[in-house]
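Structure first, then comments.
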Amino acid sequence: MSSLEQADEGRRTPALAPRRAAMPGWPLLGRAIARRVDVLGLLGIVLFIVLWQLLTYVIPRFSLPTPRDVAQRVAEDFVLADYLVAYGLPATGLFDSMLYTTTNVLIAVAIGGAVGTVFGLITARFELARAILDPVTMTAGTVPILVLAPFFLIWFGIGRVSSVLLVVIYVAVILYIYAQRAADNLDPVYEDAAYTLGASPRRAVWDVLIPGTVPQILGGIRIALAGAWGLEAIAELLGSQHGIGKIVQVLAGSTDILGIFAALLVLGVVAVLFDALAALLFSRLAAWSVAARTSGE
Amino acid sequence: MQKDVIVATEISREFHRADRQLVQALARVSFAVERGQFVCIVGPSGCGKSTLLQLIAGLLLPSGGTMAVNGAPVTGPGSDRGMVFQKDSVFPWLRVIRNVEYGLKCRGVDKAERQRIASLYLERVGLSHVAWAWPRELSGGMLKRVAVATVFANGADVLLLDEPFGAVDYVTKRLLHDVLLTLWSEAESGARRTVVFVTHDVDEALILADRILVMNGGRLVDDLAVEAPRPRTTDSLLKAEMVRHKHVLLTHLGLETRAPAAAGPALRVAP
Amino acid sequence: MNWLRRHRVSLLVLLGMAAIWQVLSMIFTAEAVPGEPMVPGWQIVFSRTLLSLADYWQGGLGVPSVASGAERSYPAALLSIVSHSLDTMVRLYTGLLIGGIVGTALGLAVSWSRWTRRLVDLPVQFLRTLPLLAMVPLFQLWFGIDFLGKVIFVAYGVGVIFVAGVVNAVKNVPQIYIDNARMLGASRRRVYTTVILPSIFPELRATILLSLGIGWAAVLGAEYLGAQSGLGYIIIYSEQFAYLDRMFLVALIFILYASVSYWLFARLSAKMLQWMPRAGRITALG
């Protein structure tokens, strides 16, 4: 039907549109680089480091180590930080400790994410479940989960279980809220359409509810992941024999600010890396989602 | 096969508003639709036409009266009644061709066969070139064509369309009419699907329908037979009979207050 | 009465949880330390536990402290609860206020120009992703474990949220409002004050609620890791002796404060949003 295809010509959306026109007045190479790399962003980071360095001229080195000091210390302690043995800890370095912390965080996010999502979706569709679980989770959402940390330390000891459980609850509450909201906001037209095409209720859940809520759920996971690092770290700070938090705790005892900077830098970089990874992965998984409708628009 | 595909008997439907007030969306509506008919339901906003369509589809159940399709009372949605919605209902998370296949997949048709059928209908609506695209890459009019292809591919006996072309521009709308009418009329007279098409656009109804049901305030107020020959063109709308129909419809919609010049044999006023 | 009816399931759930706790306390009669049950039943919580909180009262106001030899008494217990609660809340709200104001001001200043906004974007994101709670020891070493240290820590945590929130809010102001204003002849400064500022209030509300949560976590974390007073201090101090019942009671009090503050903030900010001028209107072209 050529008339239809003709009509389509004017309708191309950006995805099918020709490439963005090059920026006028810039040299060719400059244009190519500017398109691929966020120049201002990088400049911002460079400026940040410069500012840091400048501050170290004003603030005593003991309180504010220079960027170079920190980088050096990270390199030294990466594999093995000998002084830790002096505190009665097993021989370990920044890398191993970070590995411990990372493992805990990832396990907790996986478990908490699954639990929170499932219950969030269920309560979105079943009123009784919502009436029972909402008050529990809403209260848990306003109160810092940290309040449970000392209890877990007594009940479960100072091993992995306490800190992982803490983060699991944190992540579950966040995902519960996100999943429930996503299911509530999913336009009912999709489920209706599925039913008129002959889908059974089970199919409607698998083919409509879950794919339709995936983008928001992934967004919730990213947010929960960001907060999980700090919670795990402080749980380790409070009572643990391993992990980055433990290292910070030990170093704080001997007022080793440089060491703390090094440990925090490693933690921060890992957190940022995983966040970037999650952003990339999730935008791939939800690539279709620009046009997903929420009801009421 | 029964002659009457859809039979509505004294259908009523009430809703509770947010402030607990009762709204009577439909009050004792009765009609019957014959097999292979193209029926348009026309009426002003809030007259209950969308509600009526949802009752036929089974997405709503009546508060009173009965709705029967193919002799059996409607208890819920099913693949014998396909629906094209007012909003975009194309699943954004499936590629276009997978969307068209969806109903067939629910019925267990095997992969190769359903892809064949889906490709066929996509070609009929002129979208073969975007069969593997994502819905977000398509314009509103194209998505409507996908929806039409989907319900036809699924082989539904009864097609229900709820103001499907309201949001597209005039040119696209005329093209969509062609698509719909071609797909509908290509089956032989006896095997044609039955279509119920809700709209507030009087011209659209006159171009498409064999029969126009007029609704107002939750009641069926008129039932016009449109006997103009197909295919209908711009000129068809200018014929005397069509102009008369249009006056009747516009009067029902409150846009004209003149009584129709002569009550011809085509007018049957419902009780 | 209407409120009760609407929330009857929630209330039932709360009562149910309390009942389950009581049942659990009768099942798990284990004691971490002789005399201190792991799962204290309600009868213990409101009598013996409450009394034991008197231990944390330093004396004064006519009620002598336990440390100086006096017996535990309910007035002492109540006074200790009030005093420690005040300590915690003053730290929190001062930090919130400072962090909120400074953060908003910085955020607005940075978003004045598109270039500065894009420059600052990545570093702010990095600071935001840096786990706040892990930095407690750092702030303690810098600013001490007293009032100042805690307030600055809370202010930092909250401030970063506000800067990021304000910058994001300004970035999301629909271009059409700005275009509309420019077309009507508004200067850049006028556009900023009459279009952008009102437009960001709704998102600011979300930022405020978020920062409240962060604030409570920050103050609790800071008190866990080195304090001489405050609710967090009591909890962690009791934890070292495995006084689970005291931990439980104080945690309950803490949860109560946090929930109430959340509810208050939500209501107040909704009210404020009601009379805030809506975006898109130019007030008096002149």
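A, B and C label the chains in the order they appear, each numbered from 1.
The definition used in the following text is that contacts are C-beta pairs under 8 Å (C-beta built on N, C-alpha and C of every residue); 3 or more make two chains touch, one makes a residue touch a chain.
Worth saying up front: this structure is predicted, and the values here are computed from it rather than measured.
Chain centres here are means of the Cα atoms, and by that rule the chain farthest away from chain A is B. For this structure, the chains sharing the highest number of C-beta contacts are A-C. With centres taken as mean C-alpha coordinates, the chain found closest to the middle of all protein C-alpha atoms is A.
Look at where the CA atoms of chain A average out and do the same for chain B: the two points lie 47 Å apart. For the pair chain A and chain C, the distance between C-alpha centroids works out to 22 Å.
The centroid of the Cα atoms in chain B and the matching centroid in chain C are 55 Å apart. In chain A, no residue touches at least two other chains. Partner chain A is touched in their complex by these residues of chain C: 9-10, 13-14, 17, 32, 38, 115, 118-123, 126, 128-138, 140-142, 213, 216-217, 220-221, 224-225, 235-236, 238-239, 242, 244, 247-248, 251, 254-255, 258-259, 262.
Only residues 1, 3-5, 7-8, 11, 13, 15-16, 187, 189-190, 192-200, 203, 207-208, 211-212, 214, 287-293 of chain A touch chain B when the two sit together in their complex. For chain A in complex with chain C, the residues that touch the partner chain are 38, 40-45, 47-48, 63, 131-132, 134-136, 139, 141-151, 153-155, 226, 229-231, 233-234, 237-238, 244-245, 248-249, 251-252, 255, 257, 260-261, 264, 267-268, 271-272, 275.
Chain contact summary for the complex, chain B toward chain A: residues 57-59, 76-79, 81-83, 85, 87-89, 91-94, 102-103, 106-107, 125-127, 129-130, 133-139, 141-142, 145, 150-151, 154, 156, 160, 171-172, 175, 179.
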